[in-house]
Structures are given as structure tokens and as C-alpha cells.
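Questions regarding the structure given below will be posed in turn.
Order of writing sets the chain letters: A, B, C, D, E and F. Residues in each chain are counted from 1.
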């Protein structure tokens, strides 16, 4: 279970409020690389953790930290929006200062729906979407998902760093960027504990590898047409990363046949022309009627109607 | 640009059609771990690739391969649904055999919306969602995203392997599982080429690391209340994974203050009780009216209405 | 900021695991009436709270409690899914026991995507959607949103109560239902503090009410065609709920005119027949060409092509 | 069933077209507080109404009114967009006037997808989402949902009022704000008819209240860590709002235990290290192979491949 | 504006309630081929109609009719769900009859969220999505969108016809199928009024056709690799459908070059290895620091931390 | 299966990069009228094609072509974003040039999430949504869906043509507009092959038409209230489009009755007042308790609590 403190994990200070930057910060709150996502991702991984309790505990620790990050960012959004009214007062001569503020890059819903506060959405106003909460039940897959979240999250935070000149905001981002640095290391440290590439791969490592197709599991498939040279690199020759085989290159050719599906079943009501053997409308109608257990009436629509 | 062959990349054979398995396969087509996602993810990474052309080329090669995987799975769905009608004919005595087939675990939209074919949706009928296409512009972040996709994708494929006894389906999955093995290796090989952990971390490695907060970038934060012992492991002591510092543990305490937001601006129309200084409804109304440039009329609703 | 305890807020015990009930519980986790929604709703309301600090504090208290409810439910899902394998072993004779379990009402993604654990989705597998996080910036509107969440949430929990015979699950639901009882009271208590209906209405109470149309603000509009009698009740006569006017009934008639939009602007490329004055294709093409600043070439497609 | 009139319910007049305001109005059409939502919400509540016919009738009356509100707003959007072309003509010197109009705050899809007309989306272009249609089958819960919709809807309309100086638009909003006033009263009047707080609470009032946990159903839970003082108010002491008990405060402590999930089942393919008892890869592979009924081949990938 | 009648447009009678069929009917309510979609589609087309008023009027007529169809289907869902409880009473001996009903193919949210009534969702519980409301501002494009909606809608209704044996339900579907027949004709009749293929094509017909590339506008592109024969048909030779040219076949070859993007801009924080000219980490960091206007401190993390 | 070429299908050249236009182009990539949609739509139609192989082949040809169109547009987005940094350098004096660029109409996620590249989203940042992939299993319905996609797609492309003055971009759009022209013809040519209106209608033509209601299948329903004159046109009189009947007009009147639903079942926990016969809370509680098999305790909350 959970407890709270009224204070923030780290200082959130806005020296020059900027409603446009308030919109940008939404990406770090409700975006796919954002903090609601990692908060829920680490917590759901903890709550479904099977196996050594240590990893459950660790996920709970960091998941709890992330709630505080959402709080910091939501506070930063609210503080950046406080500039809007004063900014508007300065522009008293203009006809619609709020309209201009909103139009000039703010998220209009921060005003219209939230009354000048943060939303659970991204920088384009797209609501947070729970399908980004990765918790696969496989610890190694989850650790890679977490490294990805922290890598894209740190890239996002460094980009936000360029969109503000506010010293308070830069200081807050400097903190969040540092935490992303640590968290990248943290999930990779777990992968090292699990044995590194040799121990971890292929994920999941509990499926009998001899059941996978042995001809294509360490080959780079080149899909370019004739004349296109395949790229070469660490992934085309030499020992495989898991040390279990060696990389090779194979020019792709069809190993399968042209698929041939059966004609449609009558109840799916394709067009008659899709039925096998060129059935006529009348044939199909009577077949369907038979299946339906009804006596087909004479198809005399036109006669009945055009009188 | 792209070309096609009528033949499949690998044989798709269904010996005993199973409409329920056709639903399960949808997760591998339109799910978050599915093939539409990796197809688009690798192609969008290629189309936005900046830097060495070799990685663009590689992403294009494998993105093209993934289109063929969607094709194989969509074909497998269609073939598994062909069992439905014949199965129904065997159950001719029953009143509503198709209803029972649909109810017994099929995705009803495979019949209702697609006439017995695959959808661009997951195993619960949730449509494919483009926000899962990760292409961050940072090659290392993208490689980790790709390892994640192939790790969760291989876990999915091994689980599907347990949901079928059909030799044809097991053979197809054996092929797809093998390709996921290769693709995990492939993206990790790129990370090795980029210098491994020491060269790659922290992602992005082009942001001046001295700008991040130097106090918290290699510390594990313990968020348990008093009495909760923090977990220990590779991530709590010893050299950091990037070799640039050392791990430490810190019990979390607030470094920030309790946030205090300004009172709401009048145009946001909070309740009056949220305004500073305990303004009365009349005060607020006249303030707003003043801003709106209108002369407040006497607030005489009740007198006017209750006559 | 936030802290955690390893223990749960309340006991979660599953005596007879039931994978089907695990699916039902998802509605209380990721559904529109679920606990992720109230957790985020109360926290976002707190983080954007303007005005008396007391309400911010209160929202933080209860928002933190709700995180623990998500945890309890996610744990309950995981425990209910543990029955699946043992159940399967009992059915060893059957060909595909896991398929049957999945088909028999389980959420297939709890297995396929989560390896037998909870998802951030509802009972139909639809991912949690952040647009349900209501935090309007108006305290009274938010309190009604919160009562709604707890009323639909308690209705959901009582319905779940009927879907299980497991004593442990009934005990957990009995706890959650009780908390919903309290939370309904809690939000209504705030509305009472704010002055009850007379003080709170109409929401927002900071907009000068004389600016709203005075003819229709306390009238029930009857939209039935001639011959349909309007319903009568507390809402059709007598003093209005806010005590500021009296209810009346009005048979609806158009107060506006038939709308007439201008013809389409050329750049929107409607069909030519939608343009005013019956312009011909040639006229339109040359008008557009003129705007585009190009010299229209002779429209000689056919001649060029059909040779 | 339904009928229409060509005329609007109330005059929609735009004196100075404003493409930016056309974007803002989208929130009132397709947003979570918008009119498509209340239209469908009241109609679905009517169509599923069980119990006294009077409430079904009332919901049908008001649901029908709301269709006319969507119509008014969609018309207002189209009229506001008619300014765009003339505005553009005035700016004939500039290179890309339409681009500037679109960039200057318009919803680009009003032009690109709708040819200068309204969309079924919100102010950020997020499509209307049917999950916001609350119709719980419980009349009291639904009435609170309806009050919420009209409270957030009226807050939205008053905010829109500040974003325009157009007399016609202000007049239309003055009408819609007035209707929201009435509708707030209307749903609260039903709750009064149902017995007010004493009769209605806890919602649903048909669940035997003695089945809920009697220790925690009227207690405010304080979740602050030591040193955080809980807020006090109407919700922490005195009689409960339903008059059935009294409020109290309780400092939260865990009533449950630390959860312990079983090890993963083999078919879920966690990493081997998550299995109980530290099984080795080989053990797991053979266990799985046994379950799969296959004879494990020698794991000789490397030998086969690295030649 | 709109009016209602308490009676339904057509009789809705359920002789043998069937909770499973209640789920299937959801596709016709909230699915992409469903009635909420066509209701909103025709109304939004009407509300944004520019050009001859006749088409606006027609769309309003039929849009209003469709509201009544949603009503009929929602009523049918509610009536089909009334079987659930009685069915449950018959199964009094079983432990969890409601669970079995829910598991046996019902949409669980019809019970959990709606208390045995219809939802604004499809047969898989996916909420109605406003992005399917096509109203392009081009009358011909909209008419084709409407034919599509009625064609897929009629296919859906005929498929539903096979999923029920209930005479009342078959009668209701027989009515809806007939209306879809009429509506297909209706939209095609408008296209005939607009001049048929010769007058209507290419859509939009108001764009100067000489501005489109004249080499490829009537050619079928064959994308098969060497050895794949292109299909032949009405679309590969002979006069084009619009009578303005003739069809031809062209084997596809690249007309463009290999794209070469510039190196990433520093503020986007790609990995350093993606920068041009093989810059080192130090170079990039100092470049960025320079842009940021900060003095880079010595990169002495390790020294500081590992003490 | 599929192959690729490194070259583009057609030249993509950007003479004057424009980050705002890069946002607009997103609609053609991930919008409902965009190229990801048609790519997947034609491929899914091919992969589920039943009946004559020729149509499968044709769909595969054109679906493959559309992948190349997504590639062209994604490349165009990346090239248009390359202007941003140089533009920023010119504005070196301004404080936050990137902020202004982002605010001035760019999609912020093209920078924040993609590092200056394309997303799988539309012009408002809404992710691509797989539910727009129409593949109904009925060839005629699908052909109309394809005409719609190409008609709205061509309208979109012609509108984009007006939003740019860049010769390279106009040239690329001229190519895409031409392909849309061809594809409109192509799908209509298939409908002609299938027999034109007489052969194709009503879709699906395999359902026995005598099973549809014969009274209303060729009647235009006028839903205006008294005094509203119905529009007249090709759709109100004369032979029907399919030649099977004749159009007529009918003023709509209810053919059904007022629906009467049964009282709620106890387990759905409506409010007691919704139960039949005016049951009291105590009655309902004991009924429910009886069903639940528990002995109702005395309802003595208040006594217990208010001490």
C-alpha cells in the first residue's frame, strides 16, 4: 500500500510562466514516453511479479518514485499556466488576449477542460492509453521494455530542456534527466544479474530452443530485389550475440506457396460472384433459404413495386 | 519502394481448423507485440533514419520481412476459420451452431465484420494503434525498443505454441519464433557496434552529462516507509553499468516544498469559494462582468421567474 | 511525493482460483468505473487544486488510498489465474486444456500478453483511457464527478459480488464496497461545506448568471411531437433546486432559422455542383488555376491517352 | 422514434467569422464534456430505463433536445470557418495565407478532412469516444453522472464565452449556458424525488448494506506518513451525509499481508530464473518438452551453425 | 432541431431472450458498420452541407431515421438480456449461474457497467469512435462513403440474421435489411443526379485535372517481382471509367532516388554516432553546451561518485 | 511475401523546408484518409480474399504500391523538418527559436517523440487506428470502401496542394493525386465487371431478397414533422437504381409500440425505486440476501457507529 508526503520529491519552480511550454510538458506526463506510463508499468510489473521477491520489491520502489515524477510535472504545468492571465493583462489593448494565448501554442483543453491545469494526455491532447503498460510476465522482456521507456523518456527530457530558458524548469529537468540515467542503469543491472546476453537470450529462455526452426534462427534475411546489396555489420557474420551460433546472410525467397482460401461460406454473404463454380443469384438464394429453413418466395419485387 | 511475390515467405498449413485459435492469432497480428507494429516500427525507423546509411538499409530489410509475417498470420486466421462451417454442418441438429461457434471463443467480428477473415485488431478486438510505432530518432533508444518488441513478440509466439495441437500451426510458429530469435540478436548486435554499454549509455549520449543533476544520477532511491528494507543487488552498489560512476542507495526524502498554486484566474470559472480572500458571488460576478465589458444587470432571476 | 509498504491495504485471499472471475475483475482495474481512473482523477484534482489547501490535502489523501486498491485488485487477478494450470492438470485427458480455459471466458491477453497477470485494461480488454480523468478546475464539478465515479464504482463492485462464491473474494469486495460508501459521503460532504445546492448551483457559480439567457434557464423543454404528453415531476413545477427561480414546462419550438451556409471555397474542392451559380468544371478549374498562379494547360487527357 | 425540423432550436449567428474559435467549439461538440456525449448518454439511459416510465420519458425529452445542440454547434463551426477564405483574400500579398490560417490555431482537419466544417472530435482533434456514455442501469448513479456532465459542460461553455467577442456567438452560448443551468437542476430534482441523500445513499441502495465491511464504511483514511496532519472538515466528524452513521478518521495501516504469488506456470514462458527452486535452462526445457509431448533433441545449435 | 415519439419506428419483439445475441447486436449499434455511425455521419454531412439545399434536406431526413434505428437495437439488446435472470433461476442448482451466462458469450460490461442494457460499443466492447463519421465536404466522396456504410451495414445485418432463430428478432432484422437496401439506392441515385461516372470522376472534380501527373493517372501499376504476371481485367485496358482516357498497365520501377536525410540537428539528441563526420562525445557535448549558453563543467562524474 | 528497393517510387524533393507543412502531411500518412490505411486495407482484403484469384492478385498489386506512398510521405515529412534548425539559426536573436517553431504550427511530437521525423499519426497527432481497415469479405462492399478511401484521399491531397508553394512538394502531390485518380477508376472497374448496379445491388447480393421487408425497401422515409416538405429527386420516384423496383416516398409514422422493459433483476443493483411494485429497501435487501445465501444481520450501522 501507499503513503504520501505533501512536499514534492524535488523543487518545482517556474520563474517565467510559459503556457506553450505547459503544453510541451504534457508529453512527459501522458505521452507514450511519459511518467504515467512508467509509473503504471513498474507497478503492474511488481504486482504480477512471479519468482524472486527481490525484483518485485525493486519494481515497487521505483514505481512509487515515478508517482512523484507525475506530481512534479503536473505542478510544473499548473505553474506555467499561471503566466497566462498576467500576460493577458499586459496585452489589455488587444481584443482577445486569451484567444491569442490559447491559439499561440497552448493546449486549449488545459483551459477549456481543466481550468488551467494538467491533463492525463500527451502534447497533442491524446489521452494516456493503458496499452503502453508493458508487463509481460517475463522478467527479461520487461527489463528491456523498461530500458526503452527510460531511453525514450530521457531523450524526451533532453529535448524539453531545449524548449525552455526558465532556470527553474531547467533545474527540474536536470533532476529528471539524472533519474532516467540511473533507471537505465538499473534495469540493465538486472539483466547482468540474470546472466547477461549469454544467460538471457533468446527471450524467453524457458522455451526449448530446439523447437524453433533451426535453419533461420541466426540468419539475416536480405529482402532487397536483385541488384540491392545487403548491409553488412556485426549482425551478418561472426558469433551470434548469445554465443550459441553464428550469424549468416540469406537472400530471401519464398518457402511457402501461394495461399488458396476456400470459397466463402454462404452465411458470410459475400457477393455471389465469389462463390465457387459460378453460381447464379437464384441458386445462392435458394441454398441460403434452405439453410434458413424458409420456403423461398418468388423473387417478384419489381412486379410488386413498380405498378 | 516495394514489390511482392504471390507466394508466402513460409508455408502456412492448417490441418484441423480452429476458430478459437483464429482469435488468439489476432494478438500476433494487431496486438501491441504483434507484426503490424514491428512492420511499421522498423519501416518508420528506416524512413526517418539520420546518420550512417547502413542502419537505414538494415531497417528497410527487416521491415520488409515483417510485412510477410503479417501476411502469413492473416492467412492462418482465414484458414482456421474455414473449419467453422464444416463444424457447423456436423452439428446440424443443434439450433444455432454458428452462434455456438461464435460464442465458444471466436472473435465475433471475424464473422460479423470480416466474413471469416483476419482483422487489424488484437485478440480482444481492440484495433491496432499507431502510437506503438516507436521511432525516436535516437538509434540506441530504437534498438532497445526493437529488442523489446522481439522479446515480447517471441514470448507471445511461444504462448500461442501451447494453444494449438495443429502440426501446421506449430510449424509456422516454429518459423516465427526462430525469426524472433534472430531479430533479438540483430538489434543487440547494433548496440554492440555502437560501443556496448560504455559507448551507448546514458541514452541519448549526445546530451552533455554534466548538465544532469550530479547527486542523483547513480543512486537507487528507496521509497519504502520506515521499516521497509530496500532490496540489494547489482543495481545498489559497485560500478555503474556505463562504467562512469558507482551505484549507491538513498532513502528518499522530499527535496522540494509543498506546492502552492495561485488562486484561479476569473476566466477559468472555478467555484467562488476557490478564489483568494473569500470573495462573495456578487463580487466575482461583477469582476467578471467588468472584464467582459458588460454592465451587470440586477441579479433578479428569482423575482422574474417565480411570479 | 509517495512512499510504499510491501503489505496490502487489506487482505487479498483466493480460495478457489477462477480465471473467468479474473477477467471480470479487470473492469474494476482499468474500466471507466475502475480504480486506475479514480486514483488518477483524485491525484490530478489535487495537483491542479487552486483555492483552499484543505481540499488539495484531502484529494491527496484519498488519491493515495486508491493506488492501494489497484494493487489489491491486480493481486486478486494474479491469484485467480493461478488456478488455471492446476485446473488444466486435472483435465489432462483433454487435448487443449489451456485453450479451453482461455476460451471459457478468460481474457486471453492475461495469458498471451501478461503471462497470467493483470492488465491496465477493462473486462473486454479495452485499455485504460486517460480521458476519463476528470479534473475540471471547478471544485463543485469535480465533487460531482467523484460522486459519480464512486456510485458507478460501487454498483460495479456489488455486481462483481454476485459473480463469485469465493469467500476471500467476497471479503475483499466487502471492503472495497465499504470504501465506496465512505467516498460517496466524503465528496457530498464537501458540497455541503460549499453551501449545498443553494450555494453551489449553478456550477460554475462564478459566472454572472444574468449573462445567461433568462427565458430558458428554469424551463423543462418538452420535445415530443403533438400528442406526446410531457412527464411531470419535481423538475416541472415548484421552486428550482437552487431556490433562485421556479420550474416551468415549455413545448419546444424552433427559435432559430434554417441555416444557410455559403458555397464552398474553391480550395476545399467540393464537387463543382456544390458551387454557387452552377459553374461548369472548366470554369472552376480555371478559377482554381488562377488562384494557384499556374497557366492551365489544355485539358487533353483523353486525346493523349487513348491513342 | 424521431422527427426533425429544418430550423434550429435557437439562432446561430456569426458576425465576425473566426477559424480559431471554430476549433475551440469542437470541444463542445465532441469533447468529453460535449453535446454528442450528453445526447447519447441521455438517450442510452432512456433506452435502457427499467422502473417507473416517467424517468424514461424525461430522458427521452432531454436527449432529443441535445441533438439540436450538436446541430447548433456544428452550424456555428461551419459559419466561423467561412471567414477563412475572405480573410485569405485580404492577405493576398502573403505567400501561403491558408497555411497561416491553418497554422494560426485552426484545427487543420476542419479543412483537410471536412472541407471547412465540423468534425465529431474535440478541440485537439481527438475523436468522440463512446466510452463516455454513462448509463449504469442505476437511476441515482446516472443522475449524478448527468449533473457532472452538465456542470463540466457549463464550465466549458462559460470558458468559451471568454474566447469570443462575437455578439452572435455570445448570444448562442448564453442560450446553451442557460440550458445547462436547467439541466443541472433537473437531474438534482430527480434525486430529490428519490428521497434525497437519506433515501438515495449509498448508491446502489439495493445492496444489503450489512454485507459491506462495517469497520471502514464511514471512516476517512489518512494516508500521510508520520508528521502529516490529516485535513479536517465536514467529512471527518459529525453525522454521515446519509444519516446512517458518523464520520471518523483513521490513520491508514496495512490490514493485509505482503502478497506472494506462485512461481510462473511453464506455459507462460517467464525467464527460467523466475521458476521456483532455481531450475536450470535444461531442466525447464525438458519439463516443457515433456508437457508438449515431444522428444527434446540435443541442444546443439552452436555446433550446427558455427561451422 | 428534433422531436421524438415514444413509440418505436418498427416493432421490436424478443420471443426467446438470448444474452449472447445481445452481444452480437452491439456491432450494429456501436461498431464501425453500425447505426450510431450512420446517424452521426448523415447528420454531420447535413450540418456541413454547402451547395444545393436539397441534399442537406435529404441527409437530415435519413440521419433522423437512423436515430430510430439505434433506439430499436438498444431496445432489442435490453430485451434479450431479460432472459438472463430467468435462465439463471432455472439453473438454480449450479453454483454461479450468472458467471456462466456472462462467460458463455455475453458482453460482461452489459451487466457490469450497464446493469443489463446496451452500450455505445461494438461486439467486442470497443467504444464507438467518432473518427468513423465521414463528412468530407465533397458531396460525391460522401455519397460513396454512405454507400459503403450501407453495404457493410447490410452485410452485418444479414450475418446477424443467421445468428438468431427468434422470430421477433428476424422480423426486426428483415426491416433493417430492407432499409439498408433503400439507402444504398438512395446514395447511388444522388451520384446519378450528379452525372454518373462521367460527371462525378475523378473526385473531387473541381481540381484542375491537368495539374495531376499525366503519365500515371490511368495506368495500373504492377508491383510483382520478375516472373509475377499482373492480373488483367476491366481495369487494365479499354476506356477508363470516366471516359476521359484509357487504361494501361505499367510494370513498376523506381522513378525516385534513394533518399538521403541530413544528419540530426543537435537539439534532437540522436546518438553521437548518427552525427556527421564522426564527432566524438566530447565534441557534441561542447557544441550543445555552446548552444545552450552554459559553460561545460569537467566531466568528472566518476571521480566524484566512486569515492 | 515482399521485397524492397532502396529508391523511392517517385522523386521527393523539398526546396524550402516547412515544419508546418510537415504537420499537414501527417494527415496523408496516418489519417483516416491516409496511406497507412489504404496500404493495410488493400492488403487485408487480399489476404482474406475468397473467390476468383484475380481480385486477390489485383489487391496485392495495389496494396504493395501503397507501402511506397507511405514511404514517400514519411520522407517528405523528414525533409520538411530539416528546415527547422536552419530557420532557428537565422533567428538567433530570439530567445526560444525552437519553441516558436514548434508553437507556430509544427506537430510538437515530430520533435519531442521522433527527433524530427514522421509519426504514424494524423495531422492532430491522433495515432493511426486499425479499425479503419475495411475488409468485409464481400467484394462489392470492399470496392465501394476503396472508392471512398481514394475519393477522400484525393480530396485531401488536393487540399494539401494548396498549403504549399514548394515546387518539389507540388510535384510529389501531383503524382499522388494522379494515382488516386487511377485507383478510383480501378475499383469502379471491378464493380462494372461484377455487373454494375443491376448485378451488384443490393449488397450483399447473396441474401435472399424476399426475406427482407417488402414494404419499405424502396421507399424514401420523410422524417420531417408536419409542415416540412420532403426533398424530391432521383431517389423519390422512378425506377430504383438496381432496376428491381421503383422509388416512392412515405411520411414516417411509428410502426412499433412504446417499449416496456421488465423491472431490473436484483443482481444488477438498480436503485430500489426502480424495482416493480414499490419495494422498500428492507424488502430488496432481504431478497438479495436470500439469493446470496446469507443471513441478513440487523441493519444497525448507525447505532454501531455513532457512539
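The working rule: a residue touches a chain if its C-beta (ideal position, glycine included) is under 8 Å from a C-beta of that chain, and two chains touch if they have at least 3 such contacts.
Keep in mind that this is a model prediction, so the values were computed, not measured.
Peer 1: Subunit A and subunit F are the same sequence; what rotation (0 to 180°, nearest 5) superposes their CA atoms?
Peer 2: 120
Peer 1: For the interface formed by A-B, which of the candidate pairs D-F, E-F or B-D is equivalent, sharing more than half of the contact pairs by residue number?
Peer 2: E-F
Peer 1: Same or different interface residues for subunit A and subunit E, judged by whether over half of the residue numbers are used by both?
Peer 2: same
Peer 1: Using Cα averages as centroids, what's the distance between subunit B and subunit F in whole Å?
Peer 2: Their C-alpha centroids are separated by 21 Å.
Peer 1: Quick check on subunit D: which residues sit in contact with 2+ other chains?
Peer 2: 1-9, 32-33, 47-48, 50, 57, 60-61, 64-65, 75, 78, 98, 104, 111, 113, 115-116, 121, 124-127, 129, 131, 136-138, 140, 152, 155, 158-159, 161-162, 203-204, 207, 209, 211, 214, 217-218, 223-225, 240, 252, 254, 256, 259, 261-262, 264, 267-270, 292 - these are the residues of subunit D that touch more than one other chain.
Peer 1: Is the chain-to-chain touch network here best called a line, a ring, a star, complete, or other?
Peer 2: Contact map by chain: complete.
Peer 1: State the interface residues of subunit C toward subunit E in the complex, per the touch definition above.
Peer 2: 18, 20-21, 23-24, 27, 31-33, 104-105, 122-126, 152, 155-156, 159-160, 162-165, 223-225, 228, 252, 254, 256, 259-264, 266, 268-276, 281, 284-286, 288-289, 292, 294, 296-299, 301-302, 304-306
Peer 1: What residues on subunit C touch subunit D, complex-wise?
Peer 2: 3, 5-12, 32-33, 54-55, 57-58, 60-62, 64-65, 72, 75, 78-79, 82, 84-85, 98, 111, 115-116, 126, 129, 131-132, 134, 136-138, 140-141, 144-145, 147-148, 150-152, 154-155, 158, 161, 174-175, 177-182, 184-186, 188-190, 192-193, 197, 201-204, 207, 209, 211-225, 230-235, 240-242, 247, 252, 254-259, 261-262, 264-270
Peer 1: Of all residues in subunit F, which touch subunit A in the complex?
Peer 2: Residues 1-6, 47-53, 95-96, 98-99, 102-104, 107-109, 111-113, 115, 121, 124-127, 137-140, 194-195, 200, 203-211, 214, 217-218, 239-240, 243-246.
Peer 1: Using the touch rule from the top, collect the residues of subunit E that touch subunit A in their complex.
Peer 2: Touch list, subunit E to subunit A: 155, 158-159, 161-162, 225-226, 267-269, 292.
Peer 1: Quick check: in the complex, which residue numbers of subunit C touch subunit A?
Peer 2: Going through subunit C, the ones touching subunit A are 1-9, 30, 36, 40, 43-44, 47-48, 50, 57, 60-61, 63-65, 67-68, 70-71, 74-75, 78, 113-121, 127-131, 133, 135-138.
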